[in-house]
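The data blocks that follow each hold one structure.
You will see chain A twice below: alongside chain B first, and alongside chain C after that.
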Partner chain A sequence: MLRFLVRRLLQLIPTLGGLSILLFVWLQRLPGGPEYALLPDDATAEQRAQLRRSLGLDQPITVQYLAFLRRILQGDLGTSLNTGRPVTEEFFTRFPATFELAVTAMLIAVTVGVPLGYLAARKRGSVLDFAAVGGSLLGICTPVFFLAFLLKVVFAERLGLFPSAFRLSPGMSRTDLSGFVVLDGLRTGEFDVVRDALLHLALPGLALASIPLAVIVRMTRASVLEVVGEDYVRTANAKGLHPGTVRTRHVMRNAMLPVVTAIGLLTGSLFAGAVLTESVFAFPGVGSFVYAATQGRDYPVLTGFILLIATMYVLINLLVDISYSLLDPRVRAQ
Partner chain B sequence: MPTTPSSADRPGAAREGTDAPGAPETPGAPDRNTPLLGRRAARIDRLAELMGEREQGGHGAGIWRTALARLRRSPMAITGAAIVAVFLVVALFSPLLAPYSPTAQTWGAEVFPNRNVFVGPRAENWLGLDNLGRDQFSRMVIGARQTLLVGVVATLVGFGLGAVLGGAAGAAAVLGGRWGRQVDNAVMRVIDMMLALPTLLLAVTIAALIGPSLTTVMIAVGVAQIPIFARLLRGAMLSQGGRDYVLAARALGVRRHRIALTHILPNSLGPVIVQSTLTLATAIIDAAALSYLGLGNPDPAFPEWGTMLADAQRFLSSAPQLAVYPALAIIVTALGFTLLGEAMREALDPKLRR
Partner chain C sequence: MLTKSSRKPLALLASAAALTMVATACAESTREDGGTDESEPFVFAAAGDIKTLDPFLTSDGETFRYSRQVFETLLEHESGGTEITGGLAEEWEQSEDGTEWTFHLRDGVVFHDGDELDAAAVCANFDRWYNLSGGYQSSNNSYYWQSIFGGFAENESEDIPEPRFVSCEARDDLTAVITIDEYSSIFPGGFSLAAFGIMSPSTLEAIADQEITGEEGNYTLPEYSQTAGTVAGTGPFTVQEWDHDQAEVTLKRFDDYWGDPAGFETMILRAIPDETARRQALEAGDIHGYDLVAPADVDPLLEAGFQVPTRDVFNILYMAYQQEAHEALADVQVREALAHAVDRQRIVDTILPEGGEVATQFHPDTLDGWSPDVRTFEYDPGLAEEMLAEAGQEDLTLEFCYPTDVTRPYMPAPRDIFDVIAADLEAVGVTVEPVTYEWTEYIPRTNSGECPLYLLGWTGDYNDAYNFIGTWFSGYNSEFGFRDEDLFEAMEEASTNPDQEERVAAYERLNEQIMEILPGLPISSSPPSIAFAANVNPPNVSPLTQEQFAEASWK
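Our next item is the complex of A and B:
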């Protein structure tokens, strides 16, 4: 197990290294380059050259790349052009909100998607199956931001069942321990805050869950269909095992492997989707901040966001690999 | 990556790559070569490899014919094809179908968005007026053409560049010997890195680079599809590379670039064509998202569904119909392409049929 972990960790290095090169090249190619952003338009060529020297832009490209890498490793992602504060700091204060939103969406997607996919597979060709498959195709084809607007207009503005914006109702006071509203509320026993926060999470969470939910339903269904046809399931049924045991120990355990991987892969797109969803609900997380960055061409924020997603993606997939080896001992032996 | 090129990337490795832990063909078993990308990569590889398998039966044309026959019976395929056909007709003949100019603010005096005065459907304007007093039906019809253009160009960009990269990698791996496998390895590392980023984020990055316009959207959405096409074509070429006909051609002394272009490539294009259908749907949806992010077409001369939908969000509470028409159009069109693409994939994949 330890060897497995070490090997997986070592494999992260080329992926992240390569990504940093891609990002570096991307930054190099930005229109104008940094000296145009920092100097007034009427600056002389001499002033530009001097600035390039002081920024190290006259150095060989490899030296520049190493300097870039060193800054990233020190956690320095530059300063947001919109707010004038360090990007890392902006992300840290907003991250808990987005994390709570992403977890809500994933919980909705998994708790609804896996049972639905299983039922659709077991009752293949039924109305339920048709509805599940059709619904998930529809979910994939609906633009996330439109769904978010629709939910907001119908459930928040017309029916008034849910709040339409922010993380908490205005005037709601809470003890801030970590920035995670729900967790803090549970720890301090402020259950009115927890309730309010969950109400605020419901609609954006649902909108954000639409695509992962659709993918999980379809994948669980396909995976269960495949496993159910395997010989070992027939054997288990033939030797008279309890149907529940066959379902949990034989079918689900094997059928979950690709679904678990998919959950890991979906997390990256969850954060990209948060950009769309959060901006609709004025949810004060990383997503709405990045939305503002795309409006104002705030490059340091965009670069930082890509690095953040890539790192999370890589770490989550490491977790997926570990959970894989727990679910399937053969992976460890490989 | 630690895997040595010689063990992982010889012809036929696409199949080996996907069989990792579970039953031999568990979809989504992690690709040993790239553990982090297991699921998505394996899915692409599986499609690539399946199309190869189907032709192994000996009746090359027969497989395609049976798949076509299966498609004709599939309600999914028929629904998808019907939607796509209607969309294509509307898009191609839109100037003839649109009753009015999509940009003339003919009825501008009747609409006041700031006072919540909108005009709904009526005899002369079938879908009512938009926020500037333009005929919504004409805008929708002309918009179909722009949307088709975005989808097709984006898909072509992804298809073209992805095919060049994936084709080169595949050909190098199959025919290039040891040096070729290293080329393949290097290309695929870059592709896998692109695959690791969510497509929408990749598109936003590119769009931020070149500034907002319709061209931006097409390029951004297209580039984001490159890794999928590249991996797909490479996988298909690898699975073709081990076939007897390739061996025969080599034994006969046919030049290597000729084998790659006239023997392997035509036999590997099937999965890529299926993927194109699915990509058209993704492209239309992603284009709408980019428009919403303000990276789309700022030019009102050419209405496009994504831009219309994004613009209409401002009036969603007072005039929901302005958003609902383009949204429905996008959803139905994307659904049409998805149904058709999925049905094609299903028709060619015996495991999904059962």
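Our next item is the complex of A and C:
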């Protein structure tokens, strides 16, 4: 297991190295530059050129990349051109918001998706099955921003059930221990903050959950249908095992293997979905900051954030592989 | 009939619905008591978070919206207007040659930290700005200083302009004299820019050692500019907190303010970058006001009972002719023909919000220097067609650029405006090839002169015609691609003439000259709107988007 872990962690180096080069080339080829986003429209060509020089953007790309690499090796991801604050600080200021949103979305997706997929498989051909399959197809096809917009119009504007924007109500005072609003609220006993945060998480969480939920329903259904037809399930039933035991130990445990892999991949992709969802709900997380950085050509933020997100993506998949090996001893044996 | 297993999901759904109802009840109880309570915070949504607590360090409009509530400048613009009026200085005068500006300060003004305002405090601010070094000298961190006052006592780069600022002298307790090396028409307007908000002596002392750290391209702004608690101004609000996590700035009423106290006890500025999301937040009751209302949203908001005051126009939208990008545009007859081809009134009537008007020259009529005698170009497609034929351009094909992902106060719906103009040009036989760019790409493309025809505009910073026409026509400009030394010299002469009357007359002549050259077609001036909830007494809205929220209150 240790060798497996070390090997996977070492794979991070070429992955991130290659990604950083691609990012640098891509950013360099983007038209426009931060001097157009940072200075007013009437700034002169000299002022823009001066800013490019002072930002070091007039240097050849290789020089810029090597300087970036040197800083990375020193643990410094640079400073945001837009805010003048360190990129790492910006990321970890916003990460808790996105993490809470992603966890909410994944909780909704898993707690609803797995049972629904299982039931759809067990009641194959029923109305429930038809609804689950049809609904999940709709979930996959519906663009996240459209669903987010729809949820806002219905549940925030028309019905007034949930807030339409932000992570907390304006002016809500709280004790900030870690940046994780819900956790901090639970630890300090500020339950009004917890309730407020959950209300703010509901609609963006639901919007962000739509695609993972649909995928999980379909994968669980397909996987359960496949597993229930296996010989070992028939044997377990024939042995007279309790149906609950067959369901949990033989069917679900095996059916969950591809679903867990999918959950890992989907968790990573939630960061991509968060860019749109957070923008629609003015949710101050990593996604909305990346969106703003793209608009403002904030190269250090784009490079730093994407590298950090990629690292997390790889680590999440590592965790998935570990959980996979726990579910299926054959993986460990390999 | 429902089976046992099919009842389970229904039970789950019922539980979820019950939870939602509970949550809803909680949410509604919060919302019911919001709005009119005196202690209720007023929440205003801006398009972005502020960048720094010290407005000197930025050129960002959202930061200036915050700083105008907290800091005051020597001169201000009248509430809801564009005329320069007293700020921290009650009266002011300029020397005959326009290089010496004497400011008589208000008596009894105190800073948020208890310091008293005097001439020495004013000069301490100017001296600090003039003597800044290191990262402060990057144009990104001192843009307006360099634009208005030039460089520093010791410029650390050849890129930085020579200083225009000479000195600030505290002649007595309440008289500060600022000397500049040569008159420019950017004064006295330049003294009113939000970047030059006056900070308390104690603040200056506390931040004296704080530098912009890091090497080139990797500057980190100083701590005082990022954390509430250090900076103190004299404005009607104090900074209570800047929550970076929530992109939220909380301001508190300053009880010792020298003027009328702020109507709100607490004001919160929050960032909602998306235009639609801002409108929805207002409709959902999550905020009490927002800026940059889309023209299409004005009527629905009014019908729903919201207030949408419209600012007076202080901007201009134009269609530029880049004469080097297409040889046909170097011919003034072609430029005139295209001007006659465009039905600008239709753009104003169908696309712009109410109050928009057709522009006859390159700045709005609210500015001194606007001339009633400029050459105008009436909509006359027949004449346009004739002129094109005379110029030998019956089969003219032109690329026409417009931005896709943006609305500006002067250009509320770029695509719609493009559609109208393109249809008009096609109607007189011009083949239009649309070229679209995102805003961040659009500006460099148009700045570098790649687009033969394109839409762009400008919202003024202060009340001087030079802030508009000088921006474009004071020298060769690749945005328009023409050289006219007579025009450039006349512009320079006008802008350095300290005599107000003569200067205004010169601007009028310049406007007439520009419309003869016709470097572009001024299209319209558009009044930007700002929205408020029904229970708010809004502040006077400012053509310069410089609202003083202290004037607002709950109904």
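In this section, the second predicted complex is superposed on the first by the 262 of 334 C-alpha atoms of A that agree within 3 Å, B and C clash if a C-alpha of one lies under 4 Å from a C-alpha of the other, contacts with A are read in each partner's own complex, and residues count from 1 in each chain.
To be clear about the criterion, a contact is a pair of C-beta atoms (placed from the backbone, for glycine too) under 8 Å apart; a residue touches a chain by one contact, two chains touch by 3 or more.
Keep in mind it's a predicted model, so treat the numbers as computed, not measured.
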item: Which superposed partner A:P86 touches (first chain B, second chain C, both, neither); value: second
item: Touching partner for A:S169 - first (chain B), second (chain C), both, neither; value: second
item: Touching partner for A:E157 - first (chain B), second (chain C), both, neither; value: both
item: Partner chain(s) touched by A:L128 [first = chain B, second = chain C, both, neither]; value: second
item: Touched partner set for A:R234, first chain B, second chain C, both or neither; value: neither
item: First, second, both or neither for A:Q295, with chain B first and chain C second; value: both
item: Contacts of A:L19 with chain B and chain C, given as first, second, both or neither; value: first
item: Doubly contacted chain A residues - partners chain C and chain B; value: 30-31, 149, 153, 157, 291, 295, 297
item: Residues of chain A that touch chain B when the two form their complex; value: 7-8, 10-12, 14-15, 18-19, 22, 26, 29-31, 137-138, 140-146, 149, 153, 157, 219, 222-223, 225-226, 229-230, 254, 257-258, 261-262, 264-265, 268-269, 271-273, 275-276, 291, 294-295, 297, 299, 302, 305-306, 309-310, 313-314, 317-318, 321, 324, 328, 330-331, 334
item: Of chain B, residues touching chain A in the complex; value: 1-2, 20-23, 26-30, 32, 35-40, 189-190, 192-194, 196-201, 204-205, 207-209, 211, 281, 285, 288-289, 292-295, 306, 309-310, 313, 316-317, 320, 323, 327, 330-331, 334-335, 338-339, 342, 351-352, 354
item: Residue ranges of chain A in contact with chain C within the complex; value: 30-33, 36-43, 45-51, 53-57, 67, 71, 78-79, 81-86, 93-94, 96-97, 115-116, 119, 122-123, 126, 128, 149, 152-153, 156-157, 159-171, 176, 179, 195-196, 198-199, 202, 279-282, 284, 288, 291-292, 295-297, 300
item: Of all residues in chain C, those that touch chain A in their complex; value: 5-6, 8-9, 12, 20, 23-24, 26-28, 30-31, 41, 43, 45, 48-49, 51-52, 57, 59, 138-141, 143, 146-147, 157, 159-160, 212, 214, 216-221, 225-226, 244-248, 250, 266, 268, 270-274, 276-278, 280-281, 283-287, 437-445, 447, 456, 458, 471, 478
